[in-house]
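What follows is a group of structures, each given as structure tokens.
Across the two complexes that follow, chain A remains constant while its partner is chain B and subsequently chain C.
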Partner chain A sequence: MSRKILLENGDISGIDQFDIYRQHGGYQSVEKAIKTMTPLEVVDEVKKSGLRGRGGAGFSTGMKWSFLDRKSDKPRYLVCNADESEPGTFKDRYLMEKIPHRLIEGMIVSSYALGASRAYIYIRGELMWLAKRLENAIGEAKAHGLLGDNILGSDYSLDLVVHPGGGAYICGEESALLESLEGKRGYPRLKPPFPAISGLYGCPTVINNVESIAAVPWIVTHGGEEYSKIGIEKSSGTKLISASGHINRPGVYEIELGLPVEEFIYSDAYCGGIRNGRTLKAVVAGGSSVPILPAELILRTAAGIPRLMTYESLSDGGFQTGTMLGSGGFIVMDDTTCIVRNTWNFARFYHHESCGQCSPCREGTGWMEKVLHRIEHGHGTPKDIDLLVDIAKKIEGKTICALGDAAAWPIASAIRHFRHEFEYHIAHPDKITDPDHVYQPMGTK
Partner chain B sequence: MVKITIDGIEIEVAAGTTILDAARQINPETAPPAMCFHSKLEGSGGKCRTCLVKVTKTSPSNPRPMPKLAPSCRTFVEDGMEVENNRSEEVLEARKGVVELLLINHPLDCPICDQAGECDLQNLAFEHGAETTDYQEERRRFPAKAIGDLIQLQMNRCILCFRCVYVADQLTDGRHHGVLGRGDSSEIGTYIEAAIDNDFSGNMIDVCPVGALTDRTFRFKSRVWFSKPMAAHRTCEKCCGNAVLWLKGNEILRVSGRRNDVGEVTEFICNTCRFDTKSLHLWEVEGPARISRDSVISQNHTPS
Partner chain C sequence: MTPQFSSQTLSNIEILKTRYPVEQSKSALLPILHMAQAEFGGYLSRESMDYVASLLNLQPIEVYEVATFYTMFHLKPTGKYVLEVCRTGPCALSGAEHIVDYLKQKLGVDLNQTTPDGLFTIKEVECLASCGSGPVLQVGECYVENLTDQRVDSMLAALKSGELSDNEPTPAHSILFRTCGDKQS
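Right, the complex of A and B next:
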């Protein structure tokens, strides 16, 4: 098992309670930061750590923090994005449920670093019991002087608010999240201006994923340099991976970045291999939005180098032969999986979740879903495959936010790597509509 | 003032101008099409994606191209910026794609649509669309609704430009309609079927780029090209009183707001002028109205 930072002490019973969390070193970083460090020193540590945003984009957290407009006389805000809704991703939920105080501690230290006196945790509405759990943790921290007015006797005060969303995927997009937090419809904003300049209520705002913020306490306590030693090069630290699908041991794993993909899938310390002794067919490595890769390309790059669980290694080969680490939603599929059905399922999700603000995504996601539905139900035509590629191109890069890209990529990549399955569906409508028919991969007719 | 080059043509514009505006200053005919942006409506634009352009050079200090096509209506010029509009294959291709997507769920009921002849979507499809589409699925359908006595809503034709929502927000007291639903089930509507009733609601009809919101008092009265647009004014307590009368003989078939070269309403008018004063003796007629190029009437029509 690799080293634990985010889930450190996660197995201790009662760790969700303040006293036990505190006994095991909890809230040390708040003491250290507020009593011995200036806010900018905290930012520096995070920069040194090389921590990258864990929500999916992998942008340097320290850089993001340094973009915050500190000259403006407006209040500054920190917003934690806990609207985890990417299919295949359930790590933030696990972290918040297990150790709610880790996020609260991270929020306090991060807010201190950013000079925010009010911070929000925007949590998806389906996780209402976690919202209550976090509020409970906030109450405990307040009672012990770690939150609220004059934290630990200093002149720094912080008000931390948990705000549940209404259950829309689009509200995980940072600017739609801000709109929703302001009480408006969750429509993404046009960028620029970026939130670091004009975010919540038009004020400078930093938005970070739960996991990014939860990594900050360790970085502050042990130093950014120490953190940067974990992992490989530009992929420093540990990452929570939500492993799901056809594996023996699905669950949330904290891994050191740099772990070989093959080890992650087959080692008993992690996924424990493919269930029922079947063979690996494909993996969606970073949540449903990232390109799907067939077994040979997820284990090794096109150049034959073993792939590692890092931002760089997974994206080696670009979109032609690579994918992305994304949010770490690792969906494993064995050889019984129908890629067409899976792609249709993803398309259905994006169609349902498109906010409808800009036309390419609003109209295109529905169209793609309808075509895939047709193919999956035995009504496809040979032209449909290229049509899907064409629609995906019409959406990708043309929309206000990344949802359009997220809808286009899985479809384009499924066709890129599994075109023969789409062709098989179109050529054999009788077989695929037969409920007893188990889809057989290429070569077995 | 800043210098910007669009398709090789250089122009000096005030700082804070959008690329779209700069392109319109060069020539409204070649400027990117804009279905959702309306310069009189704050916050509009960025949604339809027909005005996407390629910024090949952001500025001399930042000579990199913008990574994605930029919505020209909401992207501001920078000194030394270089933009490709009609000269870029990528832009034309993207635009064609957007037009196709805007049309896949549009009913194409132009023969019975009151907007025909002055419809931005018709013009957009003609100028920027592809000849064919591979769309063969069922089109989305909504029932037609009368929202109040004066305005007809044909949601099927709507392209969700949000202009009417901005009109209601910025021009009238209290907005009673908005976008309900999400994604391609989004619709313009009034919550719990309320009627829209306020003095400036008629401007929603004028800003609608398609036939989704039409004048119920003019409905099916005439094809627009059989009526004659005359500029006229009257003294009005509520609005500027400057309007366009659409005449058939001496009969006023409808009254609308005045428009500029790119089809944007320049002065909003009140419902009294629009709906309740359809009698020539109530107006001072100035002469034939300026008609934007986007109307079928712009042919064979000599403005004053």
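Right, the complex of A and C next:
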């Protein structure tokens, strides 16, 4: 069994309640940090841990913290990104639902480290029931002197607020999230200035994913060096993987980074293999935005080396033959899956979620959806495949935020690895709905 | 007729405003729009949005541009229960398209339409972060997961009979967000 840090004690009944969480070592890190450490010492531990942002970008959390403008006389803010909306990703929701106090504890320690006296948890509005539970947990922590004025009798005070979104994938982008938190449309901001200099209300701000913040209590309690010993090299620690699709055991698994991909897919401790005795066709390993890989390339790199669940191993080969760990949204597809239909589905998602600020993304996502729709529905032409590649290239790298890239990559990679399926659709429009054919649309069996 | 929040909601809004810096009360807009949608018939009419603007000293356009950007806000009347089925990637892999077809057939209406009895509206939405338990639909604050035909049948029956509510009980400490379920009370 893998080591549990984020989900430690997650199976204890009642762990979502303050008393039980506290009895099992909860809030130790708050006591340790506030009573025995300076804020910068906490930052140092997080730096030493090698923790990387768990929202998808994988940027060093300690570095991000150290960019915060501490010289400014403006208030500083910590904002937790709980706008989990990346298709295939449901780990933050699971963590908040199961152990809400772990996030609250992480928010307190992290806010102390950053010198924030007010912090926000921006949670997607669809999870309103979870927002209320978090509020409940905050109320409990406050009643026990762990939040509010003079935490544990110290001169440190923190006000922690849960803020619901209104339904928009783009608000997971950190500057769009800040706009949304300010009561506006979720339009990503031009950078620089980065949030660490000018973020929420123009003040220095750090934005971290739920899972990153939830790792901080363990790091502070046990030390950054201990944390860095878990995992492999630059992929230290544990990661929550959301496993979905055609597997026997979908769900959220905490893994030590470095676990072989093959073991993750086939072991009964994790995905438990492909369901209904089918075979593996493809995997989207890090949420819908990362390149899709066919079975042979997700299990082994192009050089034949077994792939591991780490940032480095999954991206081995670049986008030609590799992918990304991303958010850890691990979507598994069996041999009945129609790649064209799945790609069209993702294209529709990005078209729907493009905020509309930048023309390449606003127009390009619409065109990609339209072209994929006609290929999938038997009206494609041979030129359409190169047209898609061309549109994807014209979006990638040409937009304010990463949504444009995220929309382009799944389509470019599906064509790179499964071009024959697109060609087949165009050449045999009559066979697309043949019930016995492998290219049958999803959801009809 | 100008809508008017209940006195309880108005006092919650006062607490809500204290959660943001004094000059930044616009931050309370999204939470208040959720409250308005819940309290004023399940959608945001122009009158409701104008009223919210007046509460926050905003120009009405500042409210319209926000309400039209976010997918959770309905700008037209809906059925009592809005069944929002996730259609994205992993849910599609596990049969979401079939669930939408089944709902359409069962209720005799198309997407974005409401049943003649005013009870149900069907919508498709993008990823609900329930990919490991799909297909999934959201009704009010409730997620109904691992959907099958039978599960849809029993959910519809339970919603009709009132056995299943579309809101979670609000914990004691929470001042947030009346829910869709509250609009009947």
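Definition applied: the second predicted complex is superposed on the first by the 433 of 445 C-alpha atoms of A that agree within 3 Å, B and C clash if a C-alpha of one lies under 4 Å from a C-alpha of the other, contacts with A are read in each partner's own complex, and residues count from 1 in each chain.
In this text, a contact is a pair of C-beta atoms (placed from the backbone, for glycine too) under 8 Å apart; a residue touches a chain by one contact, two chains touch by 3 or more.
What you are looking at is a predicted structure, and each value in this text was computed from that prediction instead of being measured.
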item: Chain A as common anchor, with chain B and chain C clashing or fitting; value: fit
item: Which superposed partner A:Ser244 touches (first chain B, second chain C, both, neither); value: second
item: Touched partner set for A:Glu353, first chain B, second chain C, both or neither; value: both
item: Larger contact residue set on chain A - chain B or chain C; value: C
item: Which superposed partner A:Arg93 touches (first chain B, second chain C, both, neither); value: second
item: Which superposed partner A:Arg185 touches (first chain B, second chain C, both, neither); value: both
item: First (chain B), second (chain C), both or neither touched by A:Glu363; value: first
item: Which of chain B and chain C A:Ala168 touches, first, second, both or neither; value: both
item: First (chain B), second (chain C), both or neither touched by A:His379; value: neither
item: First (chain B), second (chain C), both or neither touched by A:Lys132; value: second
item: Which of chain B and chain C A:Gly397 touches, first, second, both or neither; value: first
item: Lowest C-alpha to C-alpha distance for chain C against chain B (Å); value: 5
item: Intersection of chain A interface sets (partners chain B, chain C); value: 168, 185, 352-353, 355
item: Residue ranges of chain A in contact with chain C within the complex; value: 75, 84-90, 92-93, 124-129, 131-133, 135-136, 138-140, 159, 161-169, 180-186, 201, 242-246, 250-252, 284, 288, 329, 331, 333, 337, 341-342, 345-346, 349, 352-353, 355, 441-444
item: Of chain C, residues touching chain A in the complex; value: 19-21, 24, 26-31, 33-34, 56, 62, 65-66, 69-73, 87-90, 92-98, 125-134, 138, 141-142, 168, 170-177, 179
item: Complex interface listing, chain A residues touching chain B; value: 168, 185, 190, 351-360, 362-367, 370-371, 374, 383, 387, 390, 393-394, 397-400
item: Residue ranges of chain B in contact with chain A within the complex; value: 46-49, 52, 68-69, 71, 74, 94, 97-98, 100-102, 104-105, 134-135, 137, 140, 159-160, 179, 181-186
